[in-house]
Amino acid sequence: MPTPTFQPQAADWLQRVHESFERQAAMRTLGAQLASVQPGEVTIELDWAPALTQQHGFLHAGMVATALDSACGYAGFSLMPADAAVLTIEFKINLLAPARGERFRMTGTVIKPGRTVTVCEGRAIAFDGGREKLVATMSCTLMAVTGREGVQG
Amino acid sequence: MPTPTFQPQAADWLQRVHESFERQAAMRTLGAQLASVQPGEVTIELDWAPALTQQHGFLHAGMVATALDSACGYAGFSLMPADAAVLTIEFKINLLAPARGERFRMTGTVIKPGRTVTVCEGRAIAFDGGREKLVATMSCTLMAVTGREGVQG
Amino acid sequence: MPTPTFQPQAADWLQRVHESFERQAAMRTLGAQLASVQPGEVTIELDWAPALTQQHGFLHAGMVATALDSACGYAGFSLMPADAAVLTIEFKINLLAPARGERFRMTGTVIKPGRTVTVCEGRAIAFDGGREKLVATMSCTLMAVTGREGVQG
Amino acid sequence: MPTPTFQPQAADWLQRVHESFERQAAMRTLGAQLASVQPGEVTIELDWAPALTQQHGFLHAGMVATALDSACGYAGFSLMPADAAVLTIEFKINLLAPARGERFRMTGTVIKPGRTVTVCEGRAIAFDGGREKLVATMSCTLMAVTGREGVQG
């Protein structure tokens, strides 16, 4: 089955994604940048850094998950209406290999958009000395919320 | 059914957990401390900090997951033999409420230890102005690995 | 933290659970009965049967999941308003041991009720020659839906 | 990244998959057939049947999961050595839409084979009056086990 093409609802969807990402201080902690933002698909990239590691010097699984969760979240958010905020309901991550490498690319893709609930998939790739390797996959459920105090964007 | 009591295999299990936790630079990035280490159950605590937040100022779901993953990982590691390292195979997290609060407590508990595969559950509690609230639950599968280059503890 | 006590919204919540369960033909295929229905917690029991087995003669993981999903679904449904139907958004199951035994008990418990989204946990216990064993755990996200054609109860 | 091509280890891998599938009585209960068996990818098909339904007449989420779990399990099993049996450690399923339709196709694909642990993904498609729709996705972790009494194939 071909991948569906998604149509954003908010005229300023691209700006909304960038502005919200800038407000995610956790992304700065990861040294993460938005590498690509398309309707329903967002890619985040980051360099290996000592502050993100587990006991063996690899990227901590939770840090891989943090970047994947944001990639999925913004993939979903890119399709939501202008008055909606996005919250993650749940995600699951499979760590296929230790996150060893000098740079990482996390891509989130909407596989089922919805008025209330949106489902995304994520892929994390490690660049390790010229080779690229799939190190993690995620499935993620998002909720569009409107009108909650303190939750915007 | 009563909760089983677990018996560590490594004589220095407590020291091994503390030493490995100290090597997890990601835990320092989170400002996380080991609050309790028992055979098969580990609790990590951390304060809210701007560097850990998402766009609404709550703790980023991925940061909640990072602390829960470490709590689960060390809960499992506490029961593993002295020559084993621990890797996370997968985890799933349900975010029950926004992680709003000034301090957070993540507890990981082994529900099924195994020679190769160990399964844990995690709970994240937020302390928010005198109230405590369950904000996330995790299920987590760990693998004990031995003899892999570069993977110790 | 103590387990919360839940208050059903629909006056006929108990009848609604029983009637909906009766309409789940899959439960008859499993030979499953409602063993206990309380607000926010439902237990289903079933006997081992050849028709439910995998290649080693144990209960198929999917059949364990089917009973756990219904237990979780009805735990959530018991708390929903009278005009709501329940759909499963996602679930994850950890198989802790082969589902070997002559009888099985699956319990679903609400851990976070919500207007739209409800989160439950499930436990499957096998009774095997006088011993009982935890064989699977589930986390499950449900959605309350109203006004959809063809979806009632 | 291109999909990897997998090389079976057991000379009789195809026969092993078919024979083990035949021993899964649960597959007969579902009316499920092996539609395609390739190294690392297995497709199962089944017709809608009253015995598999939930309260709205759709395929029960657990029955969708049962077929997906077997598709994933045999995808992994096709790559395992001749003395190995396969057990599911865990799976997670996202139900993207009610499983409405007259026929269903579940495909499991290995995304990371391993000596001990194999990770697969599954897709369930419903055929509903000439249209096909993705109704569920799964991620699944399998373990290859050898030498356990009562667990063969």
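The chains carry the letters A, B, C and D, assigned in the order they are written, with residues numbered from 1 in each.
Everything that follows uses one rule, which is that a contact is a pair of C-beta atoms (placed from the backbone, for glycine too) under 8 Å apart; a residue touches a chain by one contact, two chains touch by 3 or more.
In this text the structure is predicted, and so the values were computed from the model without any measurement.
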**OP:** Consider the two chain pairs C-D and A-C; indicate the one with the greater count of contacting C-beta pairs.
**Re:** C-D
Subject >> Label of the chain whose CA centroid is most distant from the centroid of subunit C >> reply: A
Subject >> CA centroid of subunit A to CA centroid of subunit C, Å >> reply: 32
Original post:
Whole-Å distance, subunit B centre to subunit C centre, using C-alpha means?
Top reply: 28
Original post:
Roughly how far is subunit C from subunit D, going centre to centre by Cα mean, in whole Å?
Top reply: 22
Subject >> Residues of subunit A engaged with two or more neighbouring chains >> reply: 89-90, 92, 94, 119, 139, 141
Subject >> Interface residues, subunit D side, partner subunit A - complex >> reply: 1, 92, 94, 96-97, 111-112, 119, 121, 125, 132, 134, 137, 139, 141
Subject >> Of all residues in subunit B, those that touch subunit A in their complex >> reply: 20-21, 23-26, 28-29, 50-57, 60-63, 65-70, 85, 87-95, 98, 150-153
**OP:** Using the touch definition up top, name the residues of subunit D that touch subunit B in the complex.
**Re:** 89-90, 92, 116-117, 119, 139, 141, 143
